[in-house]
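The following blocks contain the structures, represented as structure tokens.
Two complexes, one shared chain (subunit A), two partners (subunit B, subunit C).
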Partner chain A sequence: MKIFSWDRIKRDYLPWLFLVPAIISFALFKYYPIILGFFVSFFKVNIVDLPGDFIGFDNYIRAFKDPDFLNSIKNTFQFLLISLVLNFWVPILLATLINEVRRGKTFMRTMYFIPAVAPGIAMSVLWKYIWQPDYGLANFILKSLNLPVQKWLNDPALVKWCIQFPGLIIGGGLTMVIYLAALQDVPEEQHESALLDGAGFFTRIFRISLPQIMPIVTTMLVLAVIDVFNMFDNVQVMTGGGPIGASETMVLYAYDQAYTFLNYGYAITLSVITFICVFILTCIQMSLENNPLLSGGKGGGKEQRKAIRKIKKDRAEAAKAAQAPAKEG
Partner chain B sequence: MPALQTVELRSRKGKLTYGTIMGILCVGIPLQIFPYVWLMLSMFKSAREVRSIPPTFIPATWLWENIPDTFSRFHFGQNLWNSLFLCVAVILIQVSISTLAAYALSKLRPKGSKWVMTFFLGTMMINAQALAWPTYIMFTNFFGVRMVDNMWSLILSFSAWAWAIFILKSFFDGLPHDLMESARIDGANNFRILTSIILPLSKPVYSVVILNTFMACYNQFMYPLILLPDSRNWTIMVRVYAIQGTGQTPWNQIMVLLGCATLPVLLVYIFAQKYIVQGISMSGLKG
Partner chain C sequence: MVPQDDASESSLKSFDFTKAKVEEKFSDVADIEWTRMAPGTDYRQQYDKLLMSGDGPTLWNSLPFVDIQTRMRNGTIAEITDYVVNWDLRNEGKVNPSIEEALHDDEGRWYAVPFAPYIMGLLYNRTAIEAGGKDPADTPNTWEEFGEWCAELTDKEVPRFGYTLLGSDYLAWPYTPWVWSAGGEMVINNGDGTYSIGFNSEEGIDTAMYMHDLVWKYGCTQTDLLESYDDYMSNMTIGYACYGWGLPTSLNIDKLAAYGATQDEFGVLPFPGKTEDDVIGFAGGETWTMHPNATKEQMDVCWDILNLLSYDEDYLRELWQLENELGLIDPKPSCRQDLVEVKYSYATNWPEHWKDEFAALNAVARPEPFCAEWNSLKDYIVAPMQQVLATENITREEVKELLDECAEKLYTDFPDAFKKAE
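Coming up: the complex of A and B.
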């Protein structure tokens, strides 16, 4: 056997040429920066003469003693609560309702999806205008209802709600489309047979439709949590973290440390901390069922995949069984 | 499938339920669309009218000159051009890199390439926000060149997107293998097979990938803000942010900027809504 054969090289190694550009770009612009981030977080960075002085874990110790950073963690959790109370359930409800529409479903979907395509920054600025205390629309509505006017974005108690509220309209559309796609896969036979058994409309929604889209709801829940940990754009535009740090998020605080105070090392340490949080959350998400990445060969234990296969098989059999009598009759 | 059955729609209760659902949805639409319409109308108001109390809905006088005034005051054309250049360059580079990789992973499958897919998908676990400052540090001295304030730093860092490879690979997986084999027997090499067999069959998936890349790129804010400090290089979003932050600009001009920043995506969406929606529901991911 020839050790050096042109055919073998052609078969086994030449195709790697197709992969090289992507491998270089992913290594250079995704993996290298994060490794660099971990490395640099142990330094007091000097931007002119990288990496600067080695200071060990000082940045991390400083982070967990920094009242402003702890405040931003607290804010993140408050934002999370608000987003669950205010935003999370709306797309599910909308998708369930739109799914019932017989005529003009595409029209409905388009109308509810359009606000989601608008650039987030533009919408945040627009909402900043709406929340203006002096001449904004929100106060105008309150005034015409004879309610006391509010300071909205300048009020530490309200600012988080004001920032999350546009998410109802902006972010809702995207998630709604995903739920809608899932709801359309719920087999009609199940609703038919449930109806024969005397289940009412709401019973069917809660017992049949919702349990079937539950895996996607869980995935979306984790994605919503990740989104809150990554919050930057809308806060930066609407308040820049104020008033008195009431809307400061973790990413925003890291940004301020680097941009305003030029503490690059400290800012990157904070970034690394957010990365670790998001990484753990992503691991949870990836191990959940119905993850798109499962088909890419990642995440999900063997047992889990087996269970999914079994559920699918059962479903197919149930559908067949439901169809068989119909055909006979 | 709808939970409400056709049989039920004939009964009074079913009609009532359906009517309520349609009622709720129809009430919701104006609330959804209202901020948009208001934005578009405010573009033509005067600086005084846009902050008048009570607010007006339809402009009292239609000031069309707002638009040219704003464009000349803020060099907005330059920002628009920057954004479009960024989008086109990212689409060209990212899509070609992803195509080559997805093709190799799906059809050629050289030894050991299974790990490469994991390598690509693993980047989905890294949030872009955490990478921003390390990327900045990297570009301050990128192989001896200062790349900060250079459009290419942004274009290159957007060139790696696991989502695109994932979508392309799953589409290529569905294409029959026999086609390739017969082309190979006819003497076509790998690259030839890609360009003359795979690509012509993949037009739908490319619409999805290109449109979603455009949307993602156009809406970028944090990276341009950090990597391009010089105002000549600003993208639309950074310009909009910077202008509203000064507090000096009248709101009607800000509205013009917002309207002009929204219009391109709106147009793209109206003409290609099928593909964008498909891209979102195909992956279950928001880009």
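Coming up: the complex of A and C.
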């Protein structure tokens, strides 16, 4: 047996060669900073003589006693909740509806997608002026309708909704396109069979379409959680964390600790805690993905597909059986 | 520091002049590099990032003097005592002494020298005020009259606001002279290297209540308290605001031109006082500092460069001449105490009223507090003040409670910098 045959090298080693640049990039620019972050979080950083003094878990203890950080955790979870209420299900609904449209599907898909192409920061600045309470568009519309004007970003009760709302328009289009692509992968025959069985619109959506795209939904949910925990640029641009700390997110607070208070070690610790939160939530979500109740049956709809195949097979056999006596006759 | 790509043509010309002078005089120094701030960062971020990357600037002219007490303690700037105590210009009394106290520690160790002292006051937009039917020359100088005056100027449908508040993270900057104008202090020196908090005193509470009144009683401010400093300055430039915080020369010339405005439409006054005797101005300024690990040889060159750029009479005269031609000459007092008037004499293109206004403001200007963790204090006070400004029916007791809580937090978090007076 040849140990170094070209075929064997091609089969066993060449793929690794192609992966090397990506692995090096990930290791260097993702995993190395993450590991370094963990390491530095145990130090009181001295920026002139890195990493500084070792202080063990002091930064972590301080974090969980810091009311402002706890407030930023609370805010981040509230942002997550709002994101789920406002931004998460709307693209699914839109994709489902557009998927049902017979004509102009491409046009509608393009129209929803275009805002996603605009730079996020530019959109945040634009929305900041839309929400401007003195001369912004939002209050202009309310005034035109003789409705009471609002303080929008200046109102602690509204600020999180105002920050998340543009996400529906900016990021929603992109998410919608992903769901739509997944929905278009659902075999048409399944819908046709269901129609033959007398299934209505909602039955087909909830019994066929949604269960089949559930793995995509779960992945998008993981990404949505990661996005919320990394919220920084839009909050920084629109409110800077105000008013009264009502929109201060974990990452923004870590940023402030680094660049306002020069507490670099503490700031890294806060980032590590954020990372751990995201990691735990992602693990929970991944494990829920395997839950039959949440994934549309075992294996993301496999059972359902199997059932439909069986129904089809039974119908074909029934039809065959019905034709056989006629032939004999 | 190299200007950004979008800097005005005038600023670039001024920078080119400075760079040429340095390269001409220090042609034997082969490796002078000029640093540019990354877009979106501020000077503190930029400085710290460069230090962390091991590529920190040997000479830096952007740290405000209020940062020095904090940075001398955390070791991010070099001690330069030998240069300062043996400095002929200073020993001859020719160095501007206004911020000296902030630049050395109690043992007499020096860490910085002045680069650009500045003054700030009640910036006004003449056109906006006249559109409101008033004359800026009649601006009242007591709180109550000023509030009523601004209320009369305000028309939110235009929109035009009598006074534009900074409610974002820059809030404490203009808030400080208002506290002074109530006869209070933001911080009080304990004489042992620590400071006690003053903004929660009766005068501090008076100030917070007055700011609250500007919003709710007089209704003369904008509703948006979260404006960035740029938006805030835009309010002044565009004419949405009649009065604000600043200096006419801080307004971007290109932006003024874009809105068809001219420098002549702007001016500056001292802040009104709680009583007529309490009118006040504000002084700040940046400094020259050196890298904490700079070698003796590097520091020698740096010292010569900073002396050229801030203290060499021939160079300064040429620079002021050029800046006047470019419309850039500012009212910042020269670092050379003996050349303050000389600098102003070059400003022949200033609007007629500026010189008198700058002189009046200079006469009542006080330097910004400079204790260790002053910047932390400024950041800590933002949230409680936003609460005060945003709550219509807040009582004096509630304001006191908020300010007391903020003060306690500062005492707890920074025990080396803040200590209650005994």
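As a working rule, the second predicted complex is superposed on the first by the 254 of 329 C-alpha atoms of A that agree within 3 Å, B and C clash if a C-alpha of one lies under 4 Å from a C-alpha of the other, contacts with A are read in each partner's own complex, and residues count from 1 in each chain.
The rule is short, and it goes like this: a contact is a pair of C-beta atoms (placed from the backbone, for glycine too) under 8 Å apart; a residue touches a chain by one contact, two chains touch by 3 or more.
In this text the structure is predicted, and so the values were computed from the model without any measurement.
**Student:** A:Asp7 in the overlay: touching subunit B, subunit C, both, or neither? Say first, second, both or neither.
**Tutor:** In the superposed model, A:Asp7 contacts neither subunit B nor subunit C.
**Student:** Tell me which partner A:Ile244 touches in the superposition: subunit B (first), subunit C (second), both or neither.
**Tutor:** second
**Student:** Going by the contact rule set out at the top, does A:Ser209 touch subunit B (first), subunit C (second), both, or neither?
**Tutor:** Only subunit B; A:Ser209 stays clear of subunit C.
**Student:** A:Gln184 in the overlay: touching subunit B, subunit C, both, or neither? Say first, second, both or neither.
**Tutor:** The answer is first: A:Gln184 touches subunit B but not subunit C.
**Student:** Is A:Glu192 touching anything from subunit B or subunit C once the two structures are fitted on A? First, second, both or neither.
**Tutor:** first
**Student:** As a test of reading the superposition: which chain, subunit B or subunit C, is in touch with more residues of subunit A?
**Tutor:** Touching more residues of subunit A than the other partner does is B.
**Student:** Pick one for A:Ile47: touches subunit B only (first), subunit C only (second), both, or neither.
**Tutor:** In the superposition, A:Ile47 touches subunit B and subunit C alike.
**Student:** Taking the superposition as given, does A:Phe261 touch the first partner, subunit B, the second, subunit C, both, or neither?
**Tutor:** Only subunit C; A:Phe261 stays clear of subunit B.
**Student:** Of the residues on subunit A, which ones does subunit B touch that subunit C also touches?
**Tutor:** In subunit A, positions 47, 50, 132, 134-135, 240, 259, 264 sit in both the subunit B and subunit C interfaces.
**Student:** Quick check on the complex: what are the subunit B residues that touch subunit A?
**Tutor:** Where subunit B meets subunit A, its residues are 1-5, 7-9, 14, 17-18, 21-22, 24-25, 28-29, 31-33, 35-36, 38-39, 51-55, 96-98, 100-101, 103-105, 108-111, 113-114, 116-138, 140-141, 156-157, 159-160, 162, 165-166, 169-170, 190, 215, 218-219, 221-222, 226, 236-237, 240-241, 244-245, 251, 254-255, 258, 261-262, 265-266, 269, 273, 276-277, 280-281, 283-286.
**Student:** Please output the residues of subunit A touching subunit C within their complex, sorted ascending.
**Tutor:** 46-50, 132-135, 151, 153-154, 156, 238-240, 242-245, 256, 259-262, 264
**Student:** Given the complex with subunit A, which residues does subunit C contribute to the contact?
**Tutor:** 42, 44-45, 48, 51-52, 56, 70, 74-76, 156, 159, 161, 167-169, 222-226, 228, 240, 292-293, 375-376, 379, 382-383, 386-387, 390
**Student:** Can you list the subunit A residues touching subunit B in their complex?
**Tutor:** Contact set of subunit A toward subunit B: 11-16, 18-19, 21-23, 25-26, 28-34, 36-37, 40, 45, 47, 50, 94, 96-102, 108-115, 117-123, 125-130, 132, 134-135, 137, 140, 144, 169, 174-175, 177-178, 180-181, 183-184, 186-188, 191-192, 195, 201, 204-205, 208-209, 216, 219, 223, 226, 229-230, 232-233, 236-237, 240, 251, 254-255, 258-259, 264, 267-268, 271-272, 274-275, 278-279, 282-283, 286, 290-293, 295-298.
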